[in-house]
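Next come two complexes, and both contain chain A; in the first it sits with chain B, in the second with chain C.
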Partner chain A sequence: MNKKHRMFIRMVMASLVRRRSRMIVALLAVVVGATILSGLEMIYYDVPRQMSAQFRSYGANVIFTPSGEGYIRPEDLEKGAAQFSSEELEGYTPYRYENTKIHNMPVTLAGIDFDSVLKTSPYWHISGSMPSLDGETLVGAKVAESLGIKEGDDITAVNTFEVTSETDTSDIPSYELYTDPESGETYCDHELDLHVSGILETGGSEEEYIYVSLKDAAALTISERGYDIVELSVAAMQDELSETVEKINGSSVGLSAKLVKRVTASESTVLTKLQSLVFIVTSVVLVLTMICVATTMTAVITERRKEIGLRKALGALNSSIIAEFMSEGLVLGGFGGVIGSVFGYYFAQFVSMNVFSSSITFRPLLIPITIAASVLVTGLACLIPIRSAVDVDPALVLKGE
Partner chain B sequence: MFFRMVRGTFARQWKKMLMIAVTVALGASIATAMLNVMLGVGDKINEELKTYGSNVTVVPQSEAVISKLYNVENGDVQTEFISQDKLGELLTIFWANNITDFAPVNDTTVTLDSSEVKLVGTWFNHHMEFVKKGTTYQRDTGIINLRSWWDIEEGGWLDEQQSSGDEYAMVGSQLAKDKGISAGDTLRVKGENGEEELVVAGVFESGDDEDDCIYTTLSAEQRLTGTNDLIKKVEVSAITSPDDELAVKAARNPSLLSGDEYDLWYCTAYVSSICFQIQEAIPEASASAVRQIADSEGKILEKTQLLMTLITFLSLLGATLGISNLVTSGVMERSAELALLKAVGAKNGQITLLVLTEITITSIIGAAAGYFMGYAFAQIIGQTVFSSSIEMSGMVAFIVVVLVIAVTLVGSIPAVRMLLRLRPSEVLHGGH
Partner chain C sequence: MSKLLELKNISKVYGDLHALDNVCLSVDKGEWIAIMGPSGSGKSTMMNIIGCMDKPSTGQVIFDGKDISKESRRKLTEFHRDKIGLVFQQFHLINYLNAVENVMVAQYYHSMPDEKEALEALERVGLKDRAKHLPSQLSGGEQQRVCIARALINSPELILADEPTGNLDEANENIVLDIFRQLHKEGTSLVVVTHDPEVGEVAQRIVRLEHGKIVSDKKNEQFSEQQEVSL
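For the complex of A and B:
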């Protein structure tokens, strides 16, 4: 490093240190600008992911149905569900439906997994509690109303099915079997005692069923079989979902997947609007903030016209004056950018924790972008006033005009 | 003398003053735009959320659940209905303007080519008029906006207001595929009470079990089933406020609320108060919230509003720091001038008053310009994102003016005080 360079660096640093109060004003402006830039950038990139998780409160957006006749086998369900990345897949609930009788009234009974059902139907309102043990049941509000069932009641579900020579009768107590005198066919009236742990309110057709665990459904019908339908909740946009759905339908997995259009189409409409809202807001705020930074820098430089005049009178070249002032500006921009990135990250984190109660994804790439943008804006903001300042005749400036 | 000096400053130092005014204007425009967007975003997002379809369903009071449960074996035995001329009452409730769309939905089973098919009679783009106590209520409403997720695969939406003699229908994609139906075909369907010929206006894909249905006009369905002027179910889409504690309390039993609470609940667009008002207007009906839609709407709305509030907060903070920063440096710059004033005998109070007057006038001019810029920015945001304008709130103008004046004073007073502590001789000598 030669003498000239060392002198240059000393002048830049000395100017920054000695003119402390002015430089703090300028630095503060750059830091505020960079904070807003990096904070909003992070929020903008994270909003789709965070909001998408919120939209899962609409419940299942993909369903699996058996391909052709029959049922979905558990191993096929595993394979199908594995096509979605485990981060995106919020949960899935298999359903098997059976016709049953309660108080001699026909009711449809659904065997489900109580642990995962709130993942795919978060809007379920339960008065009472979610069944946690075998032998407990959740009763839809409409069934409860028409059959006069209350929370805490004990009910008996009766399943009647035909017994043929192929049926394994070893588990069926003999008193449950009877023969229809007209047709000569044998039927079984298998009973299951259930304790009502809660009443389900949704305002939709879900209220017309009663729910038991898959194990109880198998016990009631004395048959282990697959599922009729599986609901999945996946935190992903419509395009990505339809790709995966086509992939599943194209593969040899024994089920067919469908998008719940009502949920996916509406979600992508609303999410696109939200994202463009944040985008437009971010750009408007950024442009205005950048202009604010620029006016502050302009004010700081304009103040130093006298100094520039003096330099010129002492014989400094225009180019070296520009280089020196610009480096000052760039150092400021760099510092401001670094400090602003840190503040911006904390701000974005604060927003994310408060709004979505989950931490923001740290994107390292945004830091160099923020620093580069703040250096660029500060540099541009300095360039214009410096150029007009060096054009001035030193005699006039020093005389005080 | 005082005013001459103020005028002098503006005449001679207009460049510096302009710079301050521009920064204040930029800051004020951020504040105006963001505050207006923040206040308006709830309504806008709420309208967007209407794409999820209806959030309230209205059914006859004691709609026999049994009929639905027996449906498994005995077919339709619905015995209770809402009378069709009562539907207009929906337009008279307190929150009628929040009801964006509603449509009666009558479903029945008909025979098409010797197989049983579900048929739904409804309004598509129905024009309704309702006269009550001499006032005429009018509304164009129907299922088109309640099924915004439908993909029309062939043909188009059924237009109820066209005047050819034919009855039209729309067919679900799965049914169309199974039966080889395409737009323009004529379907002959047989109901309990007669036969109808329906011309297929379009084929739609819905992605759920409606893909196996025929949708037709309400009158055609009523002729098929012989249920003239009777409605089985109404789907209502209403703009609602997210539920809070009061709404939860009211949902249990409105009569347990105290008088004030009741008034507040009744006059807030909670989904429960809208349901309550619908039941008041149509006593034989029971209105209930579709939890899947109502709950989720509330959640998303709340999150969006909170997000915008925090972004607004950051922008305001940035704007105020920017303004106070420039104001401070603007005052510091004038050290020589202020020292001279002091040297010729001006009192500290006079100097402070002079500087503050000048800077406040500049700020107010800047704030006024900024308010209108902010108005423009808010409209740009509204038009780009939601294709509708954002309403300007008078409160925002007030907040912005107060904020700008406060920030200006906070930014300049410490700087003036610091300058006044300096000794004039030192400043004028150039030793700072």
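For the complex of A and C:
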């Protein structure tokens, strides 16, 4: 670096450091712009993740069904679920449906995993409590209303099935067995005593079932079998989900995967619109920032017209003056970009905590993007006032006109 | 003595106003001229034309044998940067640069900045110990001396001073005039624009302007005497 370059840096730094009060005003304009830009960038890129998590409150978005006749085996379920990354997979709930009678009225009973069901159906509202022990049941509101069941009641579920030579009758009390006089076949009315821990209210078809644990469902039917359906909640975009679903269906896993289009399609639409909105807001902010910085820089440069006139009187060419003033602007833009990146993260964090109630993901790549944008915007904002300022007539300026 | 500068039939017209009206003037190398006159007489216009910061409406400016009146703005800037040192009434120092940096700015635009040379220029005007002070930390007289050091740093052929003592007290005025005497003794040409008779009368030659015309141009008979008294 020769003496000329060193003097150039010395002048630029002296202007920035020794004119602190003026430069702080300009820096403030750049920092505010860079903060909002950086914050919106982070929100823009974090919206899909945040919204995917929010959309999970709408319930499952992927369903596993048996690939043919029969049921989903637990080991196939494990293989199918493993196709989604553990970060994306919020949870899954297997369902086993059985016909039963309560108070001699036919009711569909669903065996589920009470520990995981709220992950796939977070909208369930329970009056009372979620069953935590075997022998406890959750009754759908419509069933409860039609059968007059209340929270805290004890009920008996009866499952009727034909006893064949393959049926293990060792645990069946003899009074549950009877023979149909017409057909001569033996049937069993197997009973299961249940305590109603809560009433389920969803406003949907879920209210038409009673829910027991998978273990109680097996005890009621005296048979171990797979699942009829499995609901999965996956925090991922529709395209990504479709890809994984195709992959599962193309593999030899013994189940069939489907997207819940009603949920995934609306998620995708809302997300696209939300991202477009953030993009437009970011663009508008960028333009406003440029105007704001340009206005500030115009004021800062205008008050230095006399200095520009002096430099010209000392023999400075317009290109030298533009280079000096632009460098000041670019340093200001870079410095403002660094500060704005840090503040932007906290701004995005604040917005995320208040809107999505979760923290934002820090993306280091956005820092150089913010700094580059800040330098570019400040450079452009400086260019216009500098170009007009260098046209000053040194003789007039130095005379104070 | 050879001519450094010649103004031939120079006129400068602003609308209906003739700021300079068919002015002819020549400055020899090493000569010290005072251009005097009341406000509005055309002193500043003449200074701007001599300093290559303005062009005449008509006429020729010959500097060191070269006609510069038709040169482009850029060429004029390069020309005055290389040949002329400017001293202003308002000093016009860059307020965020210290004294030595203000001198180095002139070097920066001329050729290559050199802090040692800049300090020597400040030493010449008696300000080496104030080299690291900002203009706001210097008195008016000290600021004017920095301005003179800046004008001298590139060894110009002509020092052009516009009311150099206009903002100074008597003590500082004497210091500045002593520096001019020294420069003249060393062979530097000086053109000092002033309306102060005391400043004008220490010059070798006094040119009086009125209404854009030279009304008198005569040698200062007491010049040699004054030089001897002061030095």
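Basically, the second predicted complex is superposed on the first by the 400 of 401 C-alpha atoms of A that agree within 3 Å, B and C clash if a C-alpha of one lies under 4 Å from a C-alpha of the other, contacts with A are read in each partner's own complex, and residues count from 1 in each chain.
The working rule: a contact is a pair of C-beta atoms (placed from the backbone, for glycine too) under 8 Å apart; a residue touches a chain by one contact, two chains touch by 3 or more.
Predicted model, so just to flag it, every value in this text is computed and none were measured.
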| item | value |
| --- | --- |
| Chain A as common anchor, with chain B and chain C clashing or fitting | fit |
| Chain B versus chain C as contact partner of A:4, first or second or both or neither | second |
| Touched partner set for A:124, first chain B, second chain C, both or neither | first |
| First, second, both or neither for A:394, with chain B first and chain C second | second |
| Touched partner set for A:289, first chain B, second chain C, both or neither | first |
| Chain A residues touched - chain C or chain B, whichever exceeds | B |
| Partner chain in contact with A:260 - chain B first, chain C second, else both or neither | first |
| Included angle at chain A between vectors to chain C and chain B, based on C-alpha centres and rounded to the nearest 10 degrees | 90 |
| Partner chain in contact with A:317 - chain B first, chain C second, else both or neither | second |
| Contacts of A:107 with chain B and chain C, given as first, second, both or neither | first |
| Contacts of A:299 with chain B and chain C, given as first, second, both or neither | first |
| Minimum distance between Cα atoms of chain B and chain C in the superposition (Å) | 6 |
| Chain B - residues contacting chain A, complex | 16, 19, 22-23, 26-27, 29-30, 33-34, 37, 41, 45, 48-49, 51-53, 57, 64-66, 68-70, 72-73, 148-151, 205-208, 288-296, 299-300, 303-304, 306-308, 310-311, 314-315, 317-319, 321-322, 325-326, 328-330, 332-333, 377, 380-381, 384-386 |
| Residue numbers on chain C that touch chain A, as the complex places them | 44, 48, 51, 53-54, 74, 77-78, 80-82, 86, 88, 90, 92, 94, 96-97, 101, 104-110, 112-114, 134, 150 |
| Chain A - residues contacting chain B, complex | 21-22, 25, 28-29, 32-33, 35-36, 39-40, 43, 47, 51, 54-55, 57-59, 99, 105-108, 121-125, 142-143, 145-146, 201-204, 208, 258-266, 269-270, 273-274, 276-278, 280-281, 284-285, 288-289, 291-293, 295-296, 298-300, 303, 347, 350-351, 354-356 |
| Interface residues, chain A side, partner chain C - complex | 2-4, 6-8, 10-11, 14-15, 18-19, 306-307, 310-317, 320, 393-395, 398-400 |
